[in-house]
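Multiple structures are listed underneath, in structure tokens.
One chain, chain A, appears in both complexes that follow, with chain B as partner in the first and chain C in the second.
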Partner chain A sequence: MNIIDDIILHSPALIVAIPLLGAFLTPLISKINDKVRNVFVISIVLFTSAIVLLLANDIYSACGKIHTYVFGGTAAITEGGFAVRILFEVDGLNIFMAIITTILAISGVIYSWAFMKENTGLDKYYTLYLLMIAGMFGMILTGDMFNFFVFLEITSIASCALIAFWTSKGKAVDAGFKYIVISAIGALFILFAIAILYGQYNALNMAVLASNIQFSFLDKIALVILISGLAMKAGIVPMHMWLPDAYGRAPASVTLILVGVTQASLYGALRMIFTVYGGKLTTTINQIGDVNIDLNLLLGIFIVGLALVTIFIGVLMALKENNFKRMIAFAAVAEIGYIILAIGAALTTVFSATDPRTGIMALKGGIFHILNDALDIGLLFLVAGAIYYATKETSLNRLGGLARNMKYTTIFFLIGLLAVSGMPPMNGFASKLMIYESTYQVNPILSIIAILCSILLLAVFVKVFHSAFLGPKLPKFDNVKEVPKSMLLAMGIIACIIIFIGLFPDLVVNNIVQPAVNALTNNSNYINNVIGGI
Partner chain B sequence: MIEIQDFLRTLGTNSGFWNPLVWGIIIVIALLIAYIIRGRGKKEYKKQTEQTKVFLSGNPELEKEEMHIKASNVYWGFMESFKWLYTGLEKMHTGNVSDYILWFVVVIGIFFIILGVI
Partner chain C sequence: MIYNIPYIAVVALIMIGLYAVVFKRNLIKIVIGILLIENGVNLFLITLAFRQDSIAPIYRGTGSRLMSLPVPHALTLTSIVIGVAVLALMLSLIIHIYRHYGTLDARKIGREEE
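Take a look at the complex of A and B:
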């Protein structure tokens, strides 16, 4: 066995351990000088990313392959039959989310180099930044419920401190406080749900729980609490109100990672619904006349309802908002709505015995849109940060004519604008097309509302383009220059990926989205990979 | 190794397909046609002359900052028409963290009712 095989074998643990170790070493390295610290942090993130890519290559090498890493042993379950060992179980969905996190983390640290340069306390900033990345990877890779809660808490605490990083601004501290209240309450509910499941099944392992779950009265309570807690962390309307506060006040480099944190919570909800409760989704829970209402149908309709409200309110609030970052935050809420619309539509149809193709297409569109949303919204936040860096303004009412001074930033904004509005040939169009088509087959009204809101989203960013970039060159911005190269590089990386995915969507759908969809629709692989090891 | 045909393969949906490369080629052809039509237009246009100056019906030219339409004025008509809706939405977004939690409790309550727990 060579060193690469060794790294792949231990990769799930290394992906979390390296940024965690890096976080604790950062204050020490900072004592040398700032440049060495920045190089160290970027190296840590790049090294972690390389391991993620190695693991991804391993997972994608065989159809349906799952990489299980058991801490402190080889088998997930001890000889007495106790599922007490912590394990990381990486399938197509986990690695898909890890790839998204990797892209965001690389762009974020490169962007931070120049963006945060003028700030003090950067040793703490980078420590928290790496902690947040480690927490996200942990949430995404773990196969253990309690471990998931621990990483959720690590991510929340690091995120809260970073949201309030600009402590001189009272609103940043206020946003940080709101975030920690919301996160703590959400996490406590999730912990309560985990305790309910542990009390019944004597296990915390997701696969073991999935194989044993009975969908009893207590299981129903646990499901409601788990999904609601994670939905609040994902910013689904009407539990989204913390999101514009947090996204709007955090430094842009932090907001980029927060987009990933939100999606990690969404991943958690998907894992709970499709894997832990996956075996019981077709359980009939209500009967009205001759019509049986299965859990998947009920959940699907409820999620579609939430999705429509999320899209509608997100877009309408974005249209009204004049603070650049808060506006993008509301657009991010709407984009989350598109993802859950696809998931809700998929739930209603994917278990159909006659034609599951619509559900599969909806799920593909939804999963694909998770990647596209992270990139598009992430790029727009970086552009907003670049404008703040150059002008110290966030209000769109006080901006104008910046295209004359900031040509590259303008181009990156245009790419983000087209992508997030679902304009061809950008990546957002490909995923939204899949969502529109599949939801149309579920109910045409759904896709009509989705398309109308996407047009409104275009109107939102046309307003930004007009008010910030177009118009005469304002005298107060005469001295404004293009942002430093590291910030342009970070935006450039995301913009290139957006264009690449836009031009070759099939490549992405077939190679990384399809395995994630397979992982969701077939939870028996996930279960057997652990249970089979007894 | 990824083959060239993998790059060119289109994104298939249940009802059709999407090929951004074909779309790009069509856009380029359309732009080319537009450029040819433009080339057949009038030749009297002269740069840096009176022709290019903004005509403001005899009014004096405003300061640059005053000429730029502010973000809050864009879509003013839309906002006025939907004032009733925005008034409700603003009431919902109080900025008070207690209200945020209240919405969370409301969603949990609805979810409990839907799943038949309550």
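Take a look at the complex of A and C:
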């Protein structure tokens, strides 16, 4: 057995362990000097990414392959049928989220090199940064409910400290406090739901829970608490109030990872709904006349309602906002709305016996949009950070004429603008078109609202483009120079991926998104991989 | 009935905690609310572990008696440790907020113009 096979075998543990180890080595390494530390952190992230890619290659090599890694043993179930071992279970959806995290982490650390250079306390910054990445990978890869909670808390503690990193600004500390309150309550809700499930089924393993779940009254309560806890973390209206503050006040390199954290919570919600409760989604809840109201229909309608409110509020608040980063943050709220709109629409139709194609299409669009949203919003935040770095201004009223001095940043912003508002040929167009198409078949009004809000989003960003980059040269910005190369490189990586996905959406949908959708719609694979023997 | 009292306490703790978080304006009281929720959840986990007439899950070699479940105890310990970390972080943020604004009233914080 050669070393590559060994690494692949242990990859789920290594993906979490390497950034964790790196995090606590960083303070030691930074005693040497700053450059060595930066190179060390970047190499840790690159090494982790290489392992993620190896694992991804392994997962995609066979259709529906699942990599299960059990800590402290080989079998997931011990003798006597106790499912007490902690395990990581990686299927198409997990690896899809891990790839997103990888892209964000790489560009985040490269961007940090120049962006954070003038700050003190960078050893702590990088320690927390790697902790956040490790926690995120843990949340994404784990197959154990309690482990999910632990990694969720690791991520939220690290990210809260990073949001309040610029403690000299009162608003940053305020944003950090808001974030920790919301995420602590959200995490406790999740723990409560986990306790309810454990009390009934005596298991914490997602696959074992999914196979045993009875959908009793307590399970319904647990489902509601789980979804509301995860929705708090994902920033879905009406629990979105922490999000613009946290995104807006954190350093731009941190905001990039925060986008990933939000989506990891969204992944959690997907995993709970489609896998843990997957077998019971078609249970009939209520009967009106001859029509059966199934759980998936009820849940789908509820999620679609939340999604519409989320899109509306996000776009409208973005219209009136004057602070550059807060405005992008509201756009991020709206984008999350698009994802859950697609997921809600998929829930209503994907289990119908006659025609599941619409649902599959909506699910594909939603999952694809998770990737695109991370890239688009991430790029915009990096551009906003670059502008802050160059001018020390955040208010749009005091910006102008920057295109003359910062031409590369302008191009990147233009790419991000077109991508986020769903214009061809960027990646946002591909996924949004899938969402429009499928929601139109569910209900035309949904797609009309979605398209309208997308146009409004375009209007918002054209306004920003005009007020920040175009117009006469302002005398106070005479000395503004293009940002350092490492920031340009980070933005360039994301911009290239955006254009690549925009030009070849088929490639991505067929190779990466399709396995994720298969993993969601068919949870028996996930269950059998663990239960298997008995 | 007597075995249901812990569950009632759990619900009461969580409700009081949520009330404090939602309606109180003082940041310290919000933190206390979060702690109450956390204690409620921990109490719930501990209660789930308990079986009537059971002993602590340690083998002592004096015959087998009914033991309470060890897994929720482990979960509770982890949750307490995490809770301490969150508490420390929240309080340190509150110190910073007090230095900046000179108040802990949630209505007066973060409203300044940039």
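General observations
Keep this in mind: the second predicted complex is superposed on the first by the 532 of 534 C-alpha atoms of A that agree within 3 Å, B and C clash if a C-alpha of one lies under 4 Å from a C-alpha of the other, contacts with A are read in each partner's own complex, and residues count from 1 in each chain.
Following the convention adopted for this analysis, contacts are C-beta pairs under 8 Å (C-beta built on N, C-alpha and C of every residue); 3 or more make two chains touch, one makes a residue touch a chain.
Keep in mind that what you see is a predicted model, and the values were worked out from it rather than measured.
Contact with chain C, but none with chain B, is seen for A:L204 once the two complexes are overlaid on the shared chain. Once the two complexes are laid over each other on the shared chain, residue contacts for A:N397 go to chain B alone; chain C is not touched. Of the two partner chains placed by the overlay, neither chain B nor chain C lies in contact with A:N528.
Once the two complexes are laid over each other on the shared chain, residue contacts for A:A195 go to chain C alone; chain B is not touched.
Looking at the shared chain after the overlay, A:I285 reaches chain B, while chain C stays out of its contact range. In the overlay built on the shared chain, the residue A:N57 is in contact with neither chain B nor chain C.
Of the two partner chains, chain C is the only one that A:K171 touches; chain B does not reach it. When both complexes are overlaid on chain A, the residue A:N119 reaches neither chain B nor chain C. Chain A residues in contact with chain B (one complex) as well as with chain C (other complex) are 177, 181, 185, 245, 395. Contact residues of chain B toward chain A in the complex are 2, 6-7, 9-16, 18, 20-21, 23-24, 64-65, 67-72, 74-75, 78-79, 82, 85-86, 89, 92-93, 95, 97, 99-101, 103-104, 106-108, 111-112, 114-117. Residue ranges of chain A in contact with chain B, taken from their complex: 177-178, 181-182, 185-186, 189, 217, 220-221, 223-225, 227-228, 231-232, 238-239, 241-242, 245, 285-286, 298, 302, 306, 313, 316-317, 319-320, 322, 357-358, 361, 395-397, 399-401, 424-425, 429-430, 433-434, 437-438, 441, 459, 463-464, 466-468, 471-476, 502-507, 509.
Chain C contributes residues 14, 18, 21, 27, 30, 34, 37-38, 41, 44-45, 48, 71-72, 75, 78-79, 82, 85-86, 89-90, 93-94, 96-97, 100-101, 109-110, 112, 114 to its touches with chain A in the complex. Those residues of chain A lying in contact with chain C across their complex are 84, 146, 149-150, 153, 157, 160-161, 164, 167, 170-171, 173-177, 180-181, 184-185, 188, 191-192, 195, 198-199, 204, 245, 323, 394-395.
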